[in-house]
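Chains here go by letter, A, B, C and D, matching the order in which they are written, and residues are numbered from 1 within each.
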Amino acid sequence: MSFFELDGLTKRFGGLVAVDALSMSVDRGEIVGLIGPNGSGKSTVFNCTMGRYTVSDGSIHFDGREITDAKTHEVVEHGLARVSQESNPIDAMSVGANIKLFTLPNSVTSLRGGASEKEIFRYAARLDLENKLHEQPDELPHADVRRLEVAKALATEPELLLLDEPFAGMNQQEIDGLVEKFEELRDEGVTMIVVDHNMGGLMRLVDRVVVIHNGTKIAAGDPEEIAENEQVRRAYLGSSEAM
Amino acid sequence: MSSDTQTGGPLESVADGYNDRFGHLFGELNGPQFALLIGSLAVLLVAPVWTSLLGVGGLLRTLALASIWAILAMAWDIQSGYTGYISFGHAVLSGGAAYTTAMLVAHVNPDLPFLVTAPISVLAALVIGLVIAVPSLRLRGPYFSLVTFVAGLIFYQLTYAFSGYTGGELGQRVGRIEFELAGAQVTTFDPVTRYYVMLVPMLVIAVALLYVARSNVGMILIAIRENEEAVAAAGIDTTKFKIWSFVLSSIPMGVGGVLLAHFYGTVNPLNFLLVDRSIEIIAMAVVGGMSSILGPIGGAFLVIVLREEVLGVFGVTGRWVALWTVVLLVLVFARDGLFRKLWHVLGDWGRIDGGDDE
Amino acid sequence: MLGAIGSFLVTGAMISAIYALIAIGFTMIFGVGGVLNLAHGGLIMLGAYGFLVVTSSSTVEFLTIPPIAGLAVAIAVGAVASYGLYVGLVEYIEDNPVITFLATLVVALILAELAVVAFSSSPRGLVNLAPGSSGGSLGIRVTNIEIVAFVVSWVAIGLLWYYVTRTDEGRSILATSMSQRGAQLTGVDLPSIKARTWLIAGGLAGLAGVFIGTLQQTSPVMWLDPLALAFIIVVIGGIGSIKGSIVAAYLIGYLETLTVTLLGSGFRGTFSLVVLVIVLLVMPQGLYGREWVHE
Amino acid sequence: MTNNDTGIPVTRNERKATIDRRTFLGAAGAGAVATTLAGCLGDEDDLIRVGHIGPLQQDMGAGSENSAQLAVDQLNEEDGIMDREVELVSADSVGDPGEALTATEEMVEQDGVDVIIGTFVTEVMQGITDYVADVDVPFLITGSADPVTVTDTVAEDYDRFKNIFRSGPINSDLQAEGMVDYAEFLADEYGWTQFAHIADDAAWTEPFSDNLPGYLEDVGLDVVHEDRLAPGTDDWAPVNSDIDDADADAVFRFFAHNVGTGMLVNWRENEYEFAIEGIHVPGMSPEFWDDSEGAALYETTSQSGAAGAADITSETGPFVDAYAEEYGDDRPSLPMYMGFNTYDAVFVYKDAVERAGTVDYQADIDTIVDELLETDHEGAAGEIEFYGPDEDYPHDVRETTDDDGVITNFPVTQWQDDGEFECVYPEHLASADHITPEWL
């Protein structure tokens, strides 16, 4: 069994089928791109994985365990973390505290656990936020807020990182910087699934691409193969989105 | 949490001494804030002396009552203020404890000692808290508030429906607190003893709740209020923590309920379960400043002293009109609470950023 | 037996009509603005006292008008107070539902205490709009005032129905309560719709106050039970659904009548509250409403 | 009010000034401090302080407070008590035992009152008895009628509770007996034989629920329906319909916490064929006619003092006139039953301490108690004598009876046409005949 595996994953909202019997697998150490036009069900796959949505049918396995019906915090405890499309830092807390929150033990009796200041500094430094630990999230520029999201996810020490449009709203220079960080992470052995519209940034990063359209998988393969794939082109054109 | 002290002075150095030793446990303070806390503590601890010197012995009763309400307001705060799940039925918890004491005395054995009835009553508050929390925490925002409000109404009506057990509208007697402490007989017939019997638990609970509030647990509860999904994404079981906040709240609510029962000597729906009582608890916390533990203490003393000693110039009913009007004004114009404002003023004064919990 | 069933059906219908009157305004305000107006019971109380002041010779002597005119005064008092509450207070705080919840409840408490100051805590009776009774036939007794309440309630509901389905102004209220964002996109003036809704809701509350004040009593504590009823009915009927409120009012009216018959009057309100909690937890969208719970 | 011309400063607890005594700290500052110190130091300022407690927001308590003030003013116009001036200290129990206890402690400890008079609700009275017994201050109960008032206290532990007396009304065991006399009167008058019995679900009605049905059966009358109602009942249709279904000729209803307005309206509109008798505390208020918009018509209630409608003794008329002159424009415009008893209690206390020659209850409570037991006072509500320590109801006011053994100090009043409050029973006191609705 692969490190991460979706088997016939299906999610229905009332009559609407958002994800339809999707199967895919990811091996340890891989970076896989998950692409598809808007509304194709990419984020729904992440939401099902993270336990935000209940799965209608099919199963999800991670690291040898079934996590299909696990709650969000259980999924995170198993070593999965997600960087959401929308940034949601807690504005009432400093950057440092936001990171610290992600290191706290899930125990009501642990009053003084969590990362030390040194460790928080290290988590922040991985994304060049070490000088902004005392700032409030709403004072940060957009790119830093996105970086904070990644830093928070990393603070849970994940083995598999789900990146949901990590580059949204960034300029090319910022994207390049972030891609470099992800490559460093890969070198450290973190497995990643990346969703993005920006094929440019993604293609450089990923080992493999899975394309979904209307909730079903229409193609999978190397980035180069996918770029050539006629069906993928049609799917994107049909939704009037450029590659 | 930085304490880059630049202003000197003896006050600051005392405050720094405190910060070094306890700051990480209870939050850091600057000089003026430290002075306010220590000053208030001293005033409360020696209240029997100055009230008697000033010839205002009656004030001691008001301060004892305020201490009990401070317990209730803090207990509400650790649950509602911190998690943002605003309970409008918290009087059910204190009322449940008070009624447990009353029913034990009335229907089991009138001679049950305080040291037996009190723990059972606190336990009852905890059970009621969990019974309310587990189903209702599925709802959010005003819907959660609505369910807790309705829970309050149900308990209120049940005291009438089962008047054979509860004494109905007029309630039941519980009498005074009498127990032995280190060989000495403690009884609340004496006003000074009664004051300390109410004050000491309040201080102990304040320290305990401050300690929890400034810990990981407090941080997680506040994070739940701000963004529950982010907390779940951090691998933290928010349901567990929300229920835990009810546990943290129910126990002091139970203590407050038992003390209030013995303070009044009688437990009845009017003083314990009427919706007004839940709203009073909230009003104290909001007037003082929610999610700060210290704010609700200030709010409780302010509201009780206003109600018992000052607003009476408007008459027995008029004082309530005046009190609720004050609360309404604070709600509209100073949502964050008066004592939080004061705290920030003191903070700016000492030009140190510290002490605040948020 | 036939008499008992007939009596149950008639008693239930009478009380349910008043319950519908209590709940509709509450549900409209929640539907349009997302505000749980806990001062709703206070407005009902204002209506009753308003009626008392203008119709009774024992309050303001030179001001004694016929009860039917008093009914109009009660509606006006409720409507104006409700409108004033919105533009004077709620409009500034409605962004925070919890503060609004608390503030409107505090307003209700202030109104109740003011009623004690102005009228003492002793309950008052109201001049009867329609003295006498009809009945005895089939062993069912109904007082005329109950029949009037029943008819007036349905007339009010009919007028409201006409307003929200047949007039442009009214339709914008209905549209807003179905989807605030949708209505905004179509360019309606949200603040004025909200203010108008509060006005109508207050008028209905004032009207309900007269009937409750006559059939039960007019007292400073009369705000709480109707408020609890409004909650129950609105939750069961579904938020924002006028139809749901009417159906739920009849469900609760009959349920209470049955409870009183079987368990005694002490359990009248309690049982309904328990039903409310169950509905809220099991079927939070109610009968006809939109979803309550966030995901 | 009145005491300006007696040379005594207006007391801070006057209702009109709306300065409640519990608020003086905030309101009066230094003046209050002085007063309080004086209170602590005892009676060195030579004033005798009469403490009064009752639900001042209700007509019952307000009438009682006014009556106490009237008695104190009248004493000061003469020689006061033991030639010392008298001051009234009045506290609001808010009808709540907890508040009452707080207020009582304050009256005793801060204000240094020499006697406490009042308490309307039994539970309030019970809430303060332990404390009152501990400090030995004479306590004259003037409102609550439950026999437990004395049977649970003075009769249980005489030595501890000996300072507790009830100067009126007669206790509800005796009231239940009086009610049977009245039922027989109705049976004679109208031929009624079937009675219904409904009561507040509260402690004070238990003597009636326990005894009255049995007593009625004993004299050959039928009890066809019995029920207890939760306080705050507001749906009266089923209540009346049940009474009617049982074919009762009259219902004895005992309401203090429930307000019978809704019942009366429903009864009148449906023209139910039974009469409404018994005890209805809200209906004793002179304002009830207006409060109920005339729905009060035909209902009766028993009450001490007969609301001043009958000259029970030679004291009744002058008291009612003096009250009307002083407080006739206030609410309540007549002293309610508690007012009669409170007014009498002030004089009972005065007579006793003057005979004892002391008001110092800490030292001389036994002497004061002995003299209170000797009381034989013609009061506004009737002749006042107390049961002795060894009798069934120690320290309770005795019932008075006529030659046939019928209890006379528990008269019945009825609301009649145009809001006239008439005494209709016992016959020798009656100001008007008992009437029944025209539809009966």
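Here is the rule we use: contacts are C-beta pairs under 8 Å (C-beta built on N, C-alpha and C of every residue); 3 or more make two chains touch, one makes a residue touch a chain.
In this text, all values refer to a predicted model and were calculated from it rather than measured experimentally.
Common partners of subunit A and subunit D, by the touch rule above, are B. Considering every other chain in turn, the ones in contact with both subunit A and subunit C prove to be B. Think of the whole protein's Cα atoms as having one middle point; the chain whose own Cα middle lies nearest to it is B. Ranked by separation of Cα centres from subunit B, the top chain is A. Separation between the centroids of subunit B and subunit D, computed from CA atoms only, is 39 Å.
Inter-chain spacing, taken between the CA centroids of subunit A and subunit B, is 43 Å.
With each centre defined as the average position of its C-alpha atoms, the distance from subunit B to subunit C rounds to 35 Å. Multi-chain contact residues, meaning those touching two or more other chains, occur in subunit A at positions 52.
Residue numbers of subunit C whose C-beta contacts span two or more other chains: 116, 266. Shared interface positions of subunit B, defined as residues touching 2 or more other chains, are 160-161, 163, 315, 317-318. Contacting chain pairs in the structure are A-B, B-C, B-D, C-D. Here subunit C touches subunit B in the complex through residues 36, 89, 92-93, 96-99, 101-103, 105-107, 109-110, 113-114, 116-117, 224, 228, 231, 235, 266-267, 269-270, 273-274, 276-277, 280-281, 284, 292-294, going by the rule given at the top.
Of all the residues in subunit B, the ones that touch subunit C in their complex are 86, 88, 135-136, 138-143, 145-147, 149-151, 153-154, 157-158, 160-161, 163, 275-276, 279, 282-283, 286, 315, 317-318, 320-321, 324-325, 327-328, 331-332, 335. Contact residues on subunit A toward subunit B in their complex (touch as defined above): 50, 52, 71-74, 76-77, 81-82, 84, 88-93, 97, 100-102, 104-106, 108, 110-114, 134, 152-153, 155-156.
Those residues of subunit B lying in contact with subunit A across their complex are 2, 211-212, 215-217, 219-220, 222-223, 226-227, 229-238, 240-241, 244, 358. Note for the complex: subunit C touches subunit D at residues 7, 11, 15, 56, 58, 116, 120-128, 131-133, 135, 141, 143-145, 214-217, 219, 225, 260-261, 264-266, 268.
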